[in-house]
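Some structures to go through are shown next.
Here chain A shows up in two complexes: once beside chain B, once beside chain C.
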Partner chain A sequence: MTDRTRLVLLLAPALLVLGGLFLTGLGLTLLRSFRYVPALGMTEPDLSAYTAILTAPGFLKSLVLSLWIASVSTLIAAVLALATALLLRQTFPGRAVISFLVQLNLTIPHIVGAIGILYLLSQSGSFARLAHAAGLIATPAEFPVLTQDPYAIGIILLYVWKELPFITLILLANMQTLGEDHESVARSLGATRWQAVRHVLLPLLMPALLAASALVFAFAFGAYEVPLVLGAHAPKVLPVLAWQASTDSDLTTRPEAMAMAVVIALIGFALLALYARLVGKDSPRAP
Partner chain B sequence: MTTLSLHGLRKTYPGAGQAAVHGIDLTVESGSLTALLGPSGCGKTTTMKLIAGLLTPDAGEVRLDSAPITTLPPERRGVTMVFQNPLLFPHLTITQNIGFGLRMRGLSPDRIEDSVAAMLARVRLDGLGDRRPAALSGGQQQRVALARALVLQPKVLLLDEPLSNLDPSLRDEMRQLIRGLQQETGITTLVVTHDQAEAVALADRIALMLDGRLAQHGPPQDLYRRPASIAVARFFGGVNFLAGKSQRGIFHSPLGPLTLPTGAPEGERILTLRPEALHLGPGPNPRTAQVKAVTFLGTQNRIDLTVDGLLLQALTTPDLAAGMAPGTSLTVSLPPEALWLLPPDGTRGTGGPTGPVPPTLRA
Partner chain C sequence: MRPSLRTLAGLALAGFLVLPLLPLVAWSVARGWRFPALMPDQVSAQAWTFALSSQAGVLASFATTTLIATATTLLALLVGLPAGRALGLYRFRGRGLVLLLLLAPALLPGIAVVFGLHGILLRLGLAGTMPGVILAHLIPVLPYMTLVMTAVFARFDPAFEQQARSLGATPLQTFRSVTLPAIMPGLMIACLFAFLVSWSQYLLTLAVGAGRVQTLPLLLFSFASAGRNDITAAIALLYILPGLLILAVTARRITGRGAALTERLHP
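Let's turn to the complex of A and B:
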């Protein structure tokens, strides 16, 4: 067996999954978004599904909301993850416990977390009732609106809670690889502990932090299940619009769902490409 | 000018059974270039890190002149350490790397620029200031690491194996650069190395560390010619050892009486003679020897000899060794001025007085 054949054979399973599932799915999505669905008698491809969703009232609001949720939750999660990773790098009593708690959420599905937040933070939730019982508020309705609210606080909270350990773990692994020698050098060259972190460790960690944040942003921008549970009635994030259109009993809305999916993917891709360009310019190379 | 001194410095790593540094007392004289020499794992780098403040000692003190610095954080000690790997900051240019310490001190960009430009020239890297570390060769990176430390004009400079990551062809250049810069600046410098030839070529004084202890400290010639113990002698290539008794200038050994240099100590001793000092030919203290083996070592030949059943080793030029084949008999002599007496407990450091006995003592 030549090396070439062996390589093809080894790659075959991955290629089958990628080609068979992903590319076929992408192709079908594209075809349907152009209103080409022979099974439904649509055989004349056009762009009307795209014009319909892009000119629909509220598209812009939904786009803004999606961007708001994805960027705010990514930013908060990244900052907190950095602080957590710096903290967990130290040795202190209780470190193992905190480390365990931080990693625990990785195993909890998003949807379960979302329902948990709803139970805890909605106006009929546990915290509202506790606050009422404690006499802090007169009625549970006075509890601040944290779920299904216009600023998507509930959604952002959930994403921060869920993505923080993900970014933290990536940072910790990265710190382990980097070791402490660069910081020791900085200290020996006269940097205080904080200066060594600020001028040496942070720049060295930046590529990992940026890459992890990009993943988190892409996920938060494209996921529908958490906004479906915790989101307000209007506006809805783009992925929820796509999901609703694709599960509508009216089959003629399918092309619009597909067009929406394509638009979300394109926006997400464009944002990440722009981001990679912006930060790639002077990002440090690995030592 | 600053004198660095260590007083009873001791460090055991958590979980390690044995101390890495066993109570070191050492004075590095002001303006000197001292080599901290020893085999791998003898505690050299740990000692460096204790001086730099990157590790905290379990006991003992580090002083600059008479001021203790043991409790100061690394950045306030006036001691700068250059690591074995260059460890340049990959996200900064060469200029920014060299200016790093000055920037941390809050100097104005103009002053930093001037100092860095001068420093770049001194390590012969002019024109490379705008490059990133990854674009430099290993030797160039090591020079940047040196420049980055020297630009701070520290009171004490610590260099951890500065030549070990360089190609042999670059070592000599770097050695001369270190030597030259040290003489120019007069900064008290301690260089860690495991290579005795490097230590001898580089340093004014050598502090030899064995098993976490300071075995001997002095000028390189002393460690060669007047070792303090068998372990020190062996580290510097000593192979010939004879047990015996010194009495009124005569050493009574298994090879019979040998004339000693004047002022030799009296009593039970171990005599040592460097292999290159064993004279192949007639002279004082002559003995008849049989050649056992001749080994070509490049610039030198090693001759294994037996004298009265005892093994001795000589190093000589290939010319002189030309006529010697195994089995030949010849006269060798042991020049009195080359004979050195070690204390009888001289095996300390190789396992205590009951430790392994040197091969020539096992007649």
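Let's turn to the complex of A and C:
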């Protein structure tokens, strides 16, 4: 067997799954977004689904909300994760416990965390009860709206809680690969500890931090179940809006759901391009 | 930073990481816990008794979820192991493109592919069935499995296989006695985390299962939206159990070489 045949045989099943399910699924969504569904006698593709979503105020509001959630949670999670990674690199009492908690958090499904945040921060949640006990509020309605709120504070907090450990672990693995040699050289040349971190370690970590952030952004932008639990009634995040349009009893909104899915996919592909550029698309290793 | 300050920062971090889980533990044993009571009026095993009874459907759902995640993992292994071998051991034209194609489902939101996917599975007669849900889960799980196996095979020396073959071992014997032991640690971690990725899927199951395949997260959400905080909390804690078990198994590996594999885990 030549190497070429061997390669084709080894890769064929994976390519079949990715092509047959993933790419075909995307393609079918794209076709339907152009209102091309031969089975229903719709054989003349047009762009009316796109005009419909772009002229409806709901779509743009949802797009902005989703981008807001993804940007803010990624930014906060990235900054805190960097601080956490720098902290966990040092030795101090209790470090093992924190390392364990960071890993524990990684295994908890998003929907569980979302329900936990809801029970913690809702107007009748644990913090509201504490505020009542402290005499700060008399009724639940006086407690600030932190879940199902217009600024998506609950959703953002959940993503920070869930993705901080994710980015931290990537950074720690990266620091381990880099070793301490670069910083030692800087220190021996007279740099202070902070200068060595700021001018030597941070630039070396940056590609990994950005790549991990791209993953987190993509997830926070496209997740469905977290805003389902913690999101406000209106505006809804884009994935929830798209799903709702697809299950509407009014069949004409179906192509609009497909068009929204295509917009989400395009943003996903842009992030993929960014990620591949940061990681170097030839390397199979993570950042 | 002084060690005492580090401990303080560590404590704050630990508090933040644990905080959302505390109300779940409290609610699961609470009975009649109305605002503004700080603590439940009564501690009760009622929610747990109900969640573990056959009428709640939680145990059946647990079994369904386990079955789906196990089948998805095995299927992903069957497909991802050969692909990982090709990508880890060989440099060929189009390799970058294949890696990019593998990364795409890990990065693209499920909602982008789910409508078209439902159409395909409907045509195959698999919509609303467990095999359909397993195929759907394969999309986010396969990239993870393949990329970890790629990293595993990148460190694997195929010369050992050639020696075994030249000494008269059959391909199957070579795989069992030479290849498998060498890739086993990485393979185990890939499988455990593949299991977790499938275990936590929500939207793909909802869309492809069409209400007929009830996994734990779907059941969890229906109790949560019904406002049954105590039962919801008990189910949520049951739902995180396998993750805790997996963590216990891999905790020792997760530092060092394991960490390089953990970073493949989907956020």
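As a convention for this text, the second predicted complex is superposed on the first by the 264 of 287 C-alpha atoms of A that agree within 3 Å, B and C clash if a C-alpha of one lies under 4 Å from a C-alpha of the other, contacts with A are read in each partner's own complex, and residues count from 1 in each chain.
Throughout what follows, contacts are C-beta pairs under 8 Å (C-beta built on N, C-alpha and C of every residue); 3 or more make two chains touch, one makes a residue touch a chain.
Treat the numbers as computed from the prediction; the structure is a model and nothing was measured.
When both complexes are overlaid on chain A, the residue A:204 reaches chain B alone and has no touch with chain C. Judged by the touch definition given at the top, the superposed model places A:60 against neither chain B nor chain C.
Of the two partner chains, neither chain B nor chain C is touched by A:136. Of the two partner chains, chain C is the only one touched by A:275; chain B is not. Set against each other, chain B and chain C differ in how many residues of chain A they touch, and the higher count belongs to C. Shared-chain residue A:185: touches chain B; no touch with chain C. In the superposition on chain A, A:195 makes contact with chain B only, not with chain C. By the document's definition of touching, of the two partners only chain C reaches A:257; chain B does not. When both complexes are aligned on chain A by C-alpha atoms, chain A residues 284-287 touch chain B in the first and chain C in the second.
Put simply, chain A touches chain B in their complex at residues 181-182, 184-193, 195, 199-200, 203-204, 206, 284-287.
Note for the complex: chain C touches chain A at residues 1, 3, 6-7, 9-11, 13-14, 16-24, 26-27, 35-38, 78-80, 82-83, 85-88, 90, 92, 95-96, 98-117, 119-120, 135-136, 138-139, 142, 146-147, 150-151, 154, 196, 199-200, 202-203, 207, 217, 220-221, 224, 229, 232-233, 236, 239-240, 243-244, 246-247, 251, 254-256, 259-260, 262-267. For chain A in complex with chain C, the residues that touch the partner chain are 3, 6-7, 9-11, 13-15, 17-18, 20-30, 32, 83-84, 87, 90-95, 97-113, 115-120, 124-126, 128-130, 132-133, 140, 158, 161-163, 165-166, 169-170, 172-173, 176-177, 212, 214-216, 218-219, 221-225, 228-229, 239, 242-243, 246, 257-258, 261-262, 264-265, 268-269, 271-272, 275-276, 281-282, 284-287. Residue ranges of chain B in contact with chain A, taken from their complex: 52-54, 73-75, 79-81, 83, 85, 87-91, 100-101, 103-105, 132-134, 148-149, 152.
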